[in-house]
Each structure stands twice: as structure tokens, then as C-alpha cells.
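Look at the two complexes coming up: chain A is in both, with chain B in one and chain C in the other.
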Partner chain A sequence: MVEVREAAWRRRAGWWTHNRRYVLFMAREAGGSLSAVYGLILLGLLIAFGQGASAYGDYLAFLQNPLMLVVQAVILVFVLVHAVTWFYLIGKSQVVMSAYRAPPWTRIFGLMIVIFLAASAGVLFIVFGGL
Partner chain B sequence: MAGEKQVVFRVRRYQPQGTKGPYYQEYTVPYRDDEVVLDGLNYIKDNLDPTLTFRWSCRMGICGSCGMDVNGNPKLTCGTFIRDASRGGVVQVDPLTSFNSIKDLVTDFDPFMEHFLHVKPWIIRAKEKPVSEGEYIQYPEDLVAFRQQSLCINCTLCMAACPVFQGDNRFIGPASLAMALRYIRDTRDEGAEQRFQRISTEHGIWECTFVGECSVVCPKEVDPAGAIQTLKLMATTRRMKKLLMPKSASR
Partner chain C sequence: MADETGGEFDARYNPGHEVIRVQAANHEGEVVLEPLMWGLFSLGGFLTAFLLPVTILAISFFVPLGLWPSSRIGYAWLQGAMNPAAANFQGLLVRLFFLLVIAGSFFHGAHRFTYMVAEVTDHRGEKALSFLFHGLAVVGSLIALYTVLVGWLL
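The block that comes next holds the complex of A and B.
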């Protein structure tokens, strides 16, 4: 009996950088984590609000310093990537809703984008529109 | 292969009886626009180097044998034109990602086969009826429910493309999970409970992070990613039914 020696396969470091879709996947996962970070930032805002006008003003000033603005801009980009790539995948998982006649992913994707924009416009109106 | 154009095939070689590890060897191959990467490999074997070893059989995208990494992407080499694969006059061919190489481009499929058998890819009946009672009737609309998954040719390109399987080959993987759905949805089958016990686990459907690359590389449009999400929903529904209505969760 001859022993078979195989060349073991090893995944290279940075494997996800060689494929655009892997990069988007990693960005989507990072976006999920960063959205949790932004949740903590908002939680801090709520805590400061509960501590009075002075603490709230200080926290707002902290959020407006250049470093925090950059951090929030980066989070926004990653969360947008997370949302859009997830909408793209919903067309695939939508199969579970209609086993025998799956709607085309483009229709699901378009619908999700419309809902996303409408919800965002609604939030912007509530925050800045004077409701 | 009597074309005028030429391309360099950069092929990863490995001889188990040799003293050195895997290495790349280059071959200059003439080609025509209607020739595929598998034609190039066969040209090398027939004319340049008979020691080059690779799997192939049907040459028409049915047998699933000729899957390899072409320029780093899992492909059926019988369905990949040289003219499309050439990058600056070079086509790089590697054994399929995720699997160990036995010799040159031939990989060890045992990890896949073990998972494949675990999902019991055959019709399971609680009690077989006698042949004298006739066949199990199935209507065209019943077939529609699992036809897409039944198109799988076990080429394992989806396994090679799956980052989860690349990182941990205990993951059952997209090919076997798509096949599990194929049988679970078959109206003649009564083995759903057995399969869910195996696939609704840490290394089963719940390990899938929905990268979706398996469905991108699938040459038969089986959509394993969609199949796994379907299985997740079915497993959750069954679990809830067991909790709320324990007597009605047989399928």
C-alpha cells in the first residue's frame, strides 16, 4: 500500500482582496459592525440628553469635531454599502417567499431601494422638517 | 489545435512521489477562438507533456469532472474559452481552491463526498410499498419545486468559491445543502427529519454567511445560496411548529 501524499491547500492571507464580490461581502460585514458602533454613539447622545442641556450640548460639540465627522462619514459609507449589498441579496433569499415562482432579483432590488429612499426621506423630514 | 494564435498556459504541477512541492510550469499552446481551456490542457498532454494530469470526461458541461481554477476563479474548463480566459496572453490553471491536490490538477474530493453522503441524497421512505402497487405518482408541478436543485452536476465549483468552506471544511457546503433541499422538496421523500437533524447544525446551514459566490460560479444555475436560505427558513418553521404544534411537524 503506497501512502498518498497530497499537496495541502492553504488559504492565503488577504484572500478576500482578489475578488470584487468578496470585498463587497467583507464591506457588508464591516458595515453591520459599524452600524452597531453608530448605535452606541446614538446611545451616548441619549444618555447625554438625560443628563441635562449642558451635557447634551457638550456631546453635540464632541460629535461635530473634525475627527468624529470623519468617523461618522466612514460609518455612513459602510452602512450604505451594507444596505445596498443586502438589498441585492434579498432577491436571492426572496425565493423562500415564493418557492414555485421566484420574482426576478432586479424587481426585489428596485423595490428595496425605493422603500429605503422613502424611509430615509421620511426620517429626514421628521428631523429637519419641523414635525 | 492548429490555430495561429498562441497563449501561454501557466499550470500548477505537483507530483506526490517527487521531492519538491507544488510549482508552476509554462506551456505555449496554439489555439482557435472556438477552443476551450480543456482543449488547451489536452493539447499539452497530447503534444507537449504526457505527464500532466487532470480530470475530464464529457467535454459538454454535464459530468462536472473538469472543474479547475482558471485565473483564480473556479470554472468548468470545458465551458471556458481560451480567448476569454487569456490575460495578457497567459492562462493560469490551478487545482480547485479548497481541496488538496493529489497530483497536478487532480484534487481530493473526499471532504465533499463525506458531506454529500451525510445529507442522504436518495429518496427515503418510512415504509416502501410493494412494486405490485405501482410507482409513486409525481405531477409536473411537484417536479418544479426541486428541478433547479436537481440540475446539480457535483462539479464542486460552489465549494471552491465558498469562503466559509475554505476556512473550515467541516462546513457541509453549498453543493450538499442544495442537494438536501432537492430531496426534502421531493413529494416522494419522507426523510426531511433525518436531513434536518444533520444540516440544521453549527456546521450546516447556520454556518452560511450568505456571501452568494456559490451561486455566481455555479455553471448550472442551481443557486445553492438561495437553497440554503430556503433551508434556513424551513428549519426555523419546523422548529416553531415543533414548539407550538408538536403533532403536525412531520414534514
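The block that comes next holds the complex of A and C.
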């Protein structure tokens, strides 16, 4: 009788470091998580705004100190990885969604980038009063 | 007995479907909160992917990089931008923008972080983590809601 060996369901620590795709997957997860950290920064901005001009100014100065700028740069990079890899996934997953009529992923990806740029321009003009 | 589960689908063409419908008919193992949280996670991912990068650039980098004068993100700017009496509902749009981006990022981040930790730790303590981070997302979103209502409805 053939001995049945149970599949090992436990993955080794650091399993995701051995494959470039898994590293990118984790980077996207990290980007999603770090977006919440920037959400906290934005919430802090609104709370400081509610406390008056002086508190708001102090908060902006805090955001602009070199260490905080590095933190925010890291967040920006990961948030961009999250967005761009998600746009890429939307293109790729069309094969699963509609196996026979999936358009090339590059077309969907390009369209997502166009929508992303349009949304960014919309935020710049509506929230920040233009370029 | 097949009628008990509806009998709308033919199991011969949809293997496994009947089992799911039996559980649903008994209301056993129904999950309500998880799909709701997944929906908020998904919506949050959409919002953060499209709206957050430009927001980070504008609030955190354009002034230090010298592209904008500091007044562009100064107190007077936010006061004007959030003015509920501004033309074309601009003030209300800006308040809605802040609420959606902040709450969206919280629910998205709560889900992502829970599962990122779960992936690394082989799902140990996943439920407790999920409860903790989604709870924080709810609290944070309520605070965000309060901050955008102050000066308008509060």
C-alpha cells in the first residue's frame, strides 16, 4: 500500500522572499497597509486644522522635518506600487473573468493609467485649486 | 428533499452547489461581517489607488520641493477649501474627499495589514488581529467623520 503523506500546510518563514512575484505581492500588501498610515497623517491634519492656525502650522512643520519626509517618501513609493500593480492585475484578471473575450492586458492597464491621471488632475483642481 | 434547498439548480451541472445551498437554508455558518468588511476594503483600495498618490504629493512634497509656495497648503487654503458655503458645493466636495480618502485608507489598510501578518505567521491569531484593526478602522473613520462635520453641521 502506498503511504499517503499529508501535504505540509505550514509555509516556512520568509516564503515570499524567494520569488520576485511574491515579493511584489507583499510590496502591494505593504502599500495597502501604509495607505492607512497616510490616512492617519491626513486625519492629524484635519484635527490640527480644527485646533486653529497655530496648531495647523506646527503640524505642517512636523510633516516637513527631514525624518518625516523620508517616512512619507517611503509611504508614497509603496502606495504607488499598490496602485500600479493593482491596475496591472485588473488587466491580467480579465482572462479569468471572460476567458474568450479578454482584451490584451496592456489596453486595460493603459486605460487605468489614464483614469488615474484624470482622477489625480481632478483632486489637484477641486481640492488644491489647480496646478 | 431536494425542494428544501430550492431545487432551482441542477447539481449534475453544478457540482458542490447543493452543499452550499443546504448550509444557506439552515442559516448555518453564515458570514455577514466578513463580506461587509471586504466590500469596504475593496472600496478603500479603489479610493486609495486613485486619489492617495496625488494627495501625498500635494500635501507632503510640492512645498518642500519648492514647486508650490507654502501658502498653497496653508491654514487659509484649508479654511477656504472646506468652506461649506463655497460655490458649486466645492467645500462639501472637499470634506467628502477627506472623509472618503481617510476612511477608505483605514478599512483598506486594516484588511491588508491583517492578511499580510497572517501570510507571514501562517494565520496564527488572525481573528484577533482582524477584530483589532477593523475596530481601529471604525473608530478612526468616526473621528474623520466628526472632523469633516465640524464647521458644517456641527
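Just so we're on the same page, the second predicted complex is superposed on the first by the 102 of 131 C-alpha atoms of A that agree within 3 Å, B and C clash if a C-alpha of one lies under 4 Å from a C-alpha of the other, contacts with A are read in each partner's own complex, and residues count from 1 in each chain.
The definition used in the following text is that a residue touches a chain if its C-beta (ideal position, glycine included) is under 8 Å from a C-beta of that chain, and two chains touch if they have at least 3 such contacts.
Not measured: the values here are computed from a predicted model.
Undergrad: Comparing chain C with chain B, which touches more residues belonging to chain A?
TA: C
Undergrad: Please indicate which partner A:33 is in contact with in the superposed arrangement: first for chain B, second for chain C, both, or neither.
TA: second
Undergrad: Of the two partner chains, chain B (first) and chain C (second), which one does A:16 touch, if any: first, second, both, or neither?
TA: both
Undergrad: Taking the superposition on A as described, I'd like to know which of chain B and chain C A:89 touches: first, second, both or neither.
TA: First partner only.
Undergrad: For chain A, which residues lie in the overlap of the chain B contacts and the chain C contacts?
TA: Dual-contact residues (chain A): 11, 16, 29.
Undergrad: Which of the residues in chain B come into contact with chain A in the complex?
TA: 14, 16-17, 21-22, 72-73, 95, 97-102, 108, 141, 144-145, 163, 166-167, 185, 209-213, 215-216, 223, 225-226, 229-230, 232-233
Undergrad: Mind pulling up the chain C residues that touch chain A in the complex?
TA: It comes out as residues 44-45, 48-61, 63-64, 70, 72-75, 77-79, 81-82, 90, 93-94, 97-98, 101-106, 108-113, 115-116, 119-120, 122, 137, 140, 143-144, 147-148, 150-151.
Undergrad: Which of the residues in chain A end up touching chain B in this complex?
TA: On the chain A side, the touching residues are 4-9, 11, 15-16, 18-19, 21-22, 25, 29, 89, 92-93, 95-96, 99-100, 102.
Undergrad: Can you list the chain A residues touching chain C in their complex?
TA: Going through chain A, the ones touching chain C are 10-11, 13, 16, 26, 29-43, 45-47, 49-50, 53, 56-57, 60, 63-64, 69, 72-73, 75-76, 79-80, 82-83, 86-87, 115-116, 119-120, 123-124, 126-129.
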